[in-house]
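Note that chain A is present in both complexes that follow, paired respectively with chain B and with chain C.
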Partner chain A sequence: MRNALFTGFVLSILLAGFIRNAHSATIRVLVSDDRGTPVKDAVVYAELKEGKYPPPKKMTATMDQQNKEFIPYVLPVQIGTSVNFPNSDNIRHHVYSFSPAKKFELPLYKGKPGNPVVFDKQGAVAVGCNIHDWMIAYIYVVDTPYFAKTSENGKSNLSDLPAALYEIKVWHPRMKSASEITAKQLRIQKNEELDYRIELKPEWRLHRPPPSGMGRY
Partner chain B sequence: MKYFSSLFAFLFLVGFTEAAVAEWSLDGGANLVYESNLSYAYDKGDRKADFSLKPFFSVGNYNQLTDNSRFFLSAFFEGDLFTRYERLNTVSGKITAGIKNKMGLGAYTPWITLYGSAGALSSDESIRDSFITTAGLSIGKRLHERVGLQAGYEYEQRASKNFLFTQNNNIIHLNLDFLLTDSTSISAGYALRRGDIAAYYKDDSYSPSPGEVRLNTFNTPMTAEKIRATTHSFSLTAIFALTGNASVSITGERRETVSSGLSYPDDAVRLGISYSY
Partner chain C sequence: MFRFHRFQYRIIFFFSGLLILVQLLAFLAINETNIRNSKEQIENGLVVGSRVFTRLMNSRLERLAESARLLSGDFAFKTAYSTGDKATILSAMDNQRSRVGADVMMIVSTDYSVMADTLRPKEAQVPFSFPELIKKAEEQGETSSIVLINGQPYQLVIVPLLAPVPISWICIGFTIDNKLARDFQGITLLDITFIRERPDHHLDILASTLSKPLSDSLISVFSQFVASAQKIDVIRLKNDNYMSIRIPLNKGSDHFVSVLMQSSVEKALEHFYRLRSALIGLFAGSIFLSLFGAVMIARSVTKPVLALAEAAKRIEEGEYEHRVTVAQKDELGSLAAAFNTMAHGIAEREEQIRYQAYHDRLTGLPNRECLHIELDKAIQSSQSADIAPILLMLNLNRFKAINGILGLRIGDLLLKQVGERLSSFVTESSITFHLGGDNFVLLFPEGRGVEHGVDIAQRLLAGFEGPFLVEGHPISLDARIGIAVSPIHGNDTETLIKCVDIAAHLAKDSADDYTVYSPRLDKQAPRQLTMLGELRQAIEQDDLVLYYQPKINIKDGRISGVESLVRWNHPEHGLVPPDDFIPLAEQTGLIKPLTRWALKTAFAQKEAFRKSGLEIKVAVNLSARNLQDEQLPLVVSELLQYYKIDPPSIILEITESAIMLDPERSMQIIKRLDGLGVNISIDDFGTGYSSLGYLQRLPVDELKIDKSFVTQMDRNSNDVVIVRSVIELAHNLGLKVTAEGIETKETYDMLEQLGCDRGQGYLMSRPLPIAAFYQWLQDSKWGISL
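Take a look at the complex of A and B:
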C-alpha cells in the first residue's frame, strides 16, 4: 500500500513536470553590438500579443550601494515591483531619479531606508547619487513577467514561457535606438534561439574622478 | 592672519560636529616637472631650466552637513626635488578646509565652494622658508555629460622672514573639462595672476641696493628682486584613468609674466601619476 502511494506520488510529479514542459518554452537570446562583441546588462523581455499574463505576485527587488557604486548597474523589474535601496557603505548616499517613469528622492541615509520605492510605470529610470555624481544605475520597468538580463557573454534565457504569440524586445542604457526597433514577433511553441545586434552609444562616464589632491568633490 | 585663524576655527568646529558619518580619501602620487624659466628672468641668458620630481600625499575628510552642503578638511604634503638647482629643493604641507554647496539635486546642478588653507614651506635655501595662507571660492557646473566648467578666485599671502619672499597674489582661474572617452579627459585652463614674483638677473658689477638680494640659487651669484607682475597662464591637461583609482596625466603650460613692459615667459611640462584609495 505504501509503495503504491509512493509510486503514485512520483508519477504525479513527473506528469505535472511533463505537462508544464509541454506548454512552456525557453528562448535563448544572444545580444551583441554592431562589431559582434557580446553585450552585457541588456534587458530582454517578451510581451504577450494574445492571451493574459498570470496574476502578478508580490514582487520585490534590491539595488544596493557598495563602494560608492550602485549594484547592479541595470535592474529589470516588472511593473508594480517594490525596490529596496539599502546602503551597504559606511557613508551616506542621497539617491534620486528625474526620469518620467519614476521621479523619487531618498535624502541622505545610511543602512536601509524606511520604505521601498514602487515602480508603477513602464520605462527606463536613471538613478543617481547627489553626493557622488559618478554613481549611476538604471532600473528598466517592463509590463511582463517574462524578462531577463544578459550576462558577460551577452546571453540570457527567457524561461517558462507559455505557448503563445510574443513580441520580444531588447533594451540597453547605451542603445542608440528605442527598444521598439528591436521588436521581433514570434509564436512560441518550442525552445527557440534569437540573436540581436544593437548599436551602442559610447559611454561618457568616468567611473571615478581621477585623483587630483584637493577638490575632488 | 587673524581672519584666517577665525575661519579655520569655525570650519573645524563645523566639520567635527558630524564626524560620525565622515568620508575619507587618501591620494598619493608623483609629478615629473620641467620648467624653462625657474629664475623668472626676462633675459634669455639668465633663464634657468630644470627637471624636478614632486612626490605628494594627501588625506581628506568629508562630512555631509545637509542634503546639499558638504564640509571638507584635507592635509596635503609635497616634496620638490630638483636635479641641477638643489637649493630649490622644498618640502611643504598645508591644511585646507572648506564648504561645498550644491544648489539642488542632480549631476548638472551648479555648485560653489568656499575654502581656506594654511601651510608652511621649507627650502634648502632657507631664505625661501615661508608660511602660506589662501582663501578662495570656486563655482562650477556640468554643462553636458562630457563637459564641465569651473571658475574661481583665490587670494594668497606668503609670509617670510625676508622681504623678497613676502608676497601676495590675486588669482582668477577658469577651467573647462571635456571627456574624450570613458577613461580619458582633457582639461583646458586659464589663470590670471596679479602679484609678486622674485625675478633673477645676472649682474657682474653688483652693488647692494634696497629691494634686491644676491643669491646662489642657480649655482652662480645672481641678483633677485621682488617685482609686481601680471601672469597669464594657459594650460592643457590630458588625464588617463588606468583603473577606478589610478590615473596618469600630462600637462603643458605656458606662463606669460609681464611687468613694466618686460616679459618673463615660462613653459612647463608635467607628467603625473596618482592613486586614490
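Take a look at the complex of A and C:
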C-alpha cells in the first residue's frame, strides 16, 4: 500500500518535470556518512561549469528562533538572499556571526528585527546567540540557484537542472574535508542519482542546559 | 658474694627468661604492629593524598577551563578577536590570564597556528607545537595536557573559542614548578615530584619537593617503578625508604608525565622510634628489676639451702656442734631448726654408739677396740724409750668355775666389782679396759720400764688378796697378770697386745702370779698347739697309758680297788704330767675321745683283773666336760656289756667343781650313769663350793676328801676337824668316804680312828704302770697275792 503510494508519488514528479522542461533533469542525491548512515542537513548544490545561471530574483529566507533554538539548523541560501531572523520566543535573543562569509549582529531583540540580513558572500556562516551559547545554526551561502538540503533519510533532489555541465558539491557543518574534495563534475542531461559519502567530525554541539564541565578531565 | 648454684640459676632463668620472652614477644608484636600500622598509615596517606592531588589538579584545571570557557563565551572578546587586532587580542588575553592566575594563554587557530601567545606576544603566526592536542580537543570539545614550552612544563587546558562554533582554540595553562609541588605537598603532606619520561626512557624531574640529591637519586631508581602505576611501592632514596605512588598525568607522543607522591617511611616511623626507645628502656628496666628480684629470691632460698648443705656436710664429717643459722622465719627457717635438732640427735646417738662400740656393756669399761685406739695414741705420743706405754693383762683363774657354781649373775656382778677395783686402785694415769669375760687390761701410757710394770702388778695383786663380797658371798680370786712393756717388747699396738696376751696366758699356769713377757715365751704358746696335735695322735695311736693307784680298805688294810690315772708317754718330752695336757684337752673338746680311751682301757684292765682272779673295783676319772656329754652313759653301757663287767665294780669319779659347771645337766647324766649300776664318787671334795644339800640329791656312793685336807692332818688340827666333819656327814648320808693324799702312818691311823672307809696315797703306793702294779700286789703288805 505504502509502496504503491510512493511509486505513484515519484511517478507524478517525474511526469511533472518532464512535462515542464524537456531539457531539465532532476538529480537525486543520497548523502551518507562513512558508515553508510544517511546524513541529514547536508547541503547539496550544483555549480554550473558552463553557461550562466538565470538572473537572480529577490530571494528571502527565514531563520526562526523557537524555544531557544534556531530553526532550521542548516539553511542553504543563494548569494544575495535576505534572511529574516524572527524571534518567536518571548525572550530576547542576540543573534550574531563572526564567520568571514558574513559578520553581523542583531543585538538583543524581540519579535521581528527591522531589516533582514543579506548574505552576499559565498561560504558557511555560523550563527549564534550571544546569550544562549547552545543556539547554533548554519547559513550556507552558495553561488547557484540549484541547491537542496537532505532530509532525515539523507536524500535530497536537485530538480529542474537545465542540461549542462555541473559540479555537484555537498556541504555539512561537521564535514571533515572541504566540499571541493567530494565534488562531482557531471554533465547532466537526464535524471541522475548520486551517492555521496562524507566523513563527519564528531557531533560538536553545546547542549542545553549547558553542562557543568566538571569531571571531564 | 654469692655463688651461682644450679637451683639459683633455674629460678633466675625461669622467671627472668619468662619475662624476657614475654617482653620480647610483646616488643616484637608492638614493633610489628606499629611498623605495619605506620606503613598502613603511609599507604592510606598515599591513597588519600593521591585522590586529593587528583581532585585538586582537576579542580585547578576545571577552574582554568571555566575561565577559558568564560572567555570564549565573552562576546566582547569574540568581537575583539573577530577584529583580528592582535594587540587588542593579546591584552585581552593577558587580562584574562592574570585574572585566573594562569601562567600562559594562547589562541590557536583551527588550522593549528598560534594566533596570539602571552609568552611570546611579538611572534607572528607560527605553527602550534602541539597540534595533536587541538585534534583531541576537536574530538572531545576540550582537553588538557602537560606540555613543555621552552623546556618549562605547563599544564594546559584547551577550550574552543565559540562563535558559536569553534573558530579557534584558547590554550590556558599554569607552570608546573617546585612551588606548585610545594603547594600540593602543603595539602597532601606528601612529597610531590613531577616526572617526565621521554620515549627513550630518559627521565626529567619537572618539579619536586625533594631535595636535589634525593630527586637525582630518584632518577636512577624510578625506571623500575614506571611499570607499576597506581600501586604503592617502596623506593629507596639515599638512606631512606619512601613509600611511593605514581599517578600518570598524561601521555603524549614525546612524553609521559607522572606525578610521584611519596612519604618517607623513616619520617613516619620517627614517632614510633621514640616510643620504641621508651619501650626498650622500660623492658630493659623491668628485666633488670626482675633479674635482681629473681637473684634476691633465689638467694633467699639457696643461701639457707647452701648453709644447710654445708651443715649436712659437717654432720657427715662428724662435726655436730655447728649450728645452722637461718634468720628467715619461713619453711627454710623451720627446716634449719629441724636440722639443728637432728644434728643434736645424731650427735647423741653417735656418742651412744661410740660408747657402746668402745666400752664393755657389763662393766662400762673401755673395750678391746678402745684399747687399740688408746694404745695407738699412747705409742704415738710416747716421748722416749724411758717413758713408754706399759700393758698389764689380768685374768682370773677358775673364774669359769665361779660362774658355774654361783651363777652368771653373780659372775657378772663380780666382774663389775673387779673392774671398779681395778679402775680405782691404780693411782697413775691409767686406763682400765675390759676385754670380755675375766680378761682385763690396764694401760699405763707413761710407763717407765719393766720394773715399773712389775711394781704395778704386785700392787694390783696385793689389792686382790682380800675377798670380794658379792650378795653376801665372800669370793677370793686368783688373779694372774701378764706384763708387756714398750718399746722393749714391741713398739706397735698389735705386737704389744700380742705380747701381753702371751704373757697373761702363761701367767695362768705359772707358779708366779704375774709373768713379764719375754721372747722366750713366744715358743711356749706354739708348743701348746703342737702338743694338742700330738695328743690327738697319741689317743688314736694308743700312746697314752693308764697308771693305777691302789685304794686301801682302811678297816682291813687290804686293797679294795684302784684309781686309774691317764699318763702320756711323749716320744720326745717323756712322761707328760696330766696337768699339762688334761686342761688342754678340756679346752679343745679332745677330752671326749680321751675319756673314752680311758674308760675302754680301764674296763679292759678290769676284765683282765677278773680273769687273773683279782676282784677289785676300778675307778675312772670323768672330766667336767664329760658330764655335758649325752653320749657318755651309752658309751659306758656298751663297754659294760662288751666286757661283761658287774657295774658296781666300776667307780666313776667326778670332781665337785665339774658337777657345779652345769648342775642340772650333770644331774641328769649322773642319774643315767647311776641307772647303769656303776658307782659314782665325788672327787677332790672340799675344794669346791657345792653344798652337801645338793650332793644329797645326787645318786652318789662315795666322797673323796681332797688331799689338801688330808696331807697335813697330822700337823693341822683344823684339817682334822674338817675331815672328821666330812666323814661324819658322809656316813650320815650313807656314803662311803675315801681319803686321798695319805703320806704317813700317823695320818692313816688318824683316819682309821675317824672311821674313814678307804684311803689312798704315797704311804700305800704312788700311781703305777700296770706291770709295777702287779709287782706291788705281790710285794706290798697292802696287796693281795694272787
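Here, the second predicted complex is superposed on the first by the 188 of 217 C-alpha atoms of A that agree within 3 Å, B and C clash if a C-alpha of one lies under 4 Å from a C-alpha of the other, contacts with A are read in each partner's own complex, and residues count from 1 in each chain.
Here is the rule we go by: a contact is a pair of C-beta atoms (placed from the backbone, for glycine too) under 8 Å apart; a residue touches a chain by one contact, two chains touch by 3 or more.
For clarity, every value in this text was computed on a predicted model and none was experimentally measured.
A.B. asks: In the superposed arrangement, which partner chain does A:Gly128 touch: chain B (first), chain C (second), both, or neither?
C.D. replies: both
A.B. asks: Between chain B and chain C, whom does A:Pro107 touch in the aligned arrangement: first, second, both, or neither?
C.D. replies: It touches chain B, and chain C stays clear.
A.B. asks: Looking at the overlay, what does A:Pro202 touch: chain B (first), chain C (second), both, or neither?
C.D. replies: Both partners, chain B and chain C.
A.B. asks: Of the two partner chains, chain B (first) and chain C (second), which one does A:Asn191 touch, if any: first, second, both, or neither?
C.D. replies: Neither partner.
A.B. asks: Is A:Arg92 contacted by the first partner chain B, the second partner chain C, both or neither?
C.D. replies: A:Arg92: touches chain B, not chain C.
A.B. asks: Output check: A:Pro173 vs chain B and chain C. Expected answer is one of first, second, both, neither. What do you get?
C.D. replies: Only chain C is touched by A:Pro173; chain B is not.
A.B. asks: What residues on chain A does chain C touch that chain B touches too?
C.D. replies: Of chain A, residues 94, 96, 98, 128, 130, 133, 202, 204, 206, 213-217 contact chain B in one complex and chain C in the other.
A.B. asks: Please give the residue numbers of chain B that touch chain A in the complex, ascending.
C.D. replies: Residues in contact with chain A: 21-23, 25, 27, 29, 56, 58, 60, 62, 64, 67-68, 70, 72, 74, 76, 96, 100, 102, 105-107, 113, 138, 142, 145-146, 179, 181-183, 185, 239, 241, 244-247, 249, 274-276.
A.B. asks: In their complex, what parts of chain A are in touch with chain C?
C.D. replies: 94, 96-99, 103, 126-130, 133-136, 173, 201-202, 204, 206, 213-217
A.B. asks: Can you tell me which positions in chain A touch chain B when the two form their complex?
C.D. replies: 91-92, 94, 96, 98, 105, 107-108, 110, 128, 130-131, 133, 202-208, 210-217
A.B. asks: Quick one: in the complex, what on chain C touches chain A?
C.D. replies: Where chain C meets chain A, its residues are 58, 61-62, 65-66, 69, 73, 75, 78-79, 81-82, 138-142, 144, 157, 162-167.
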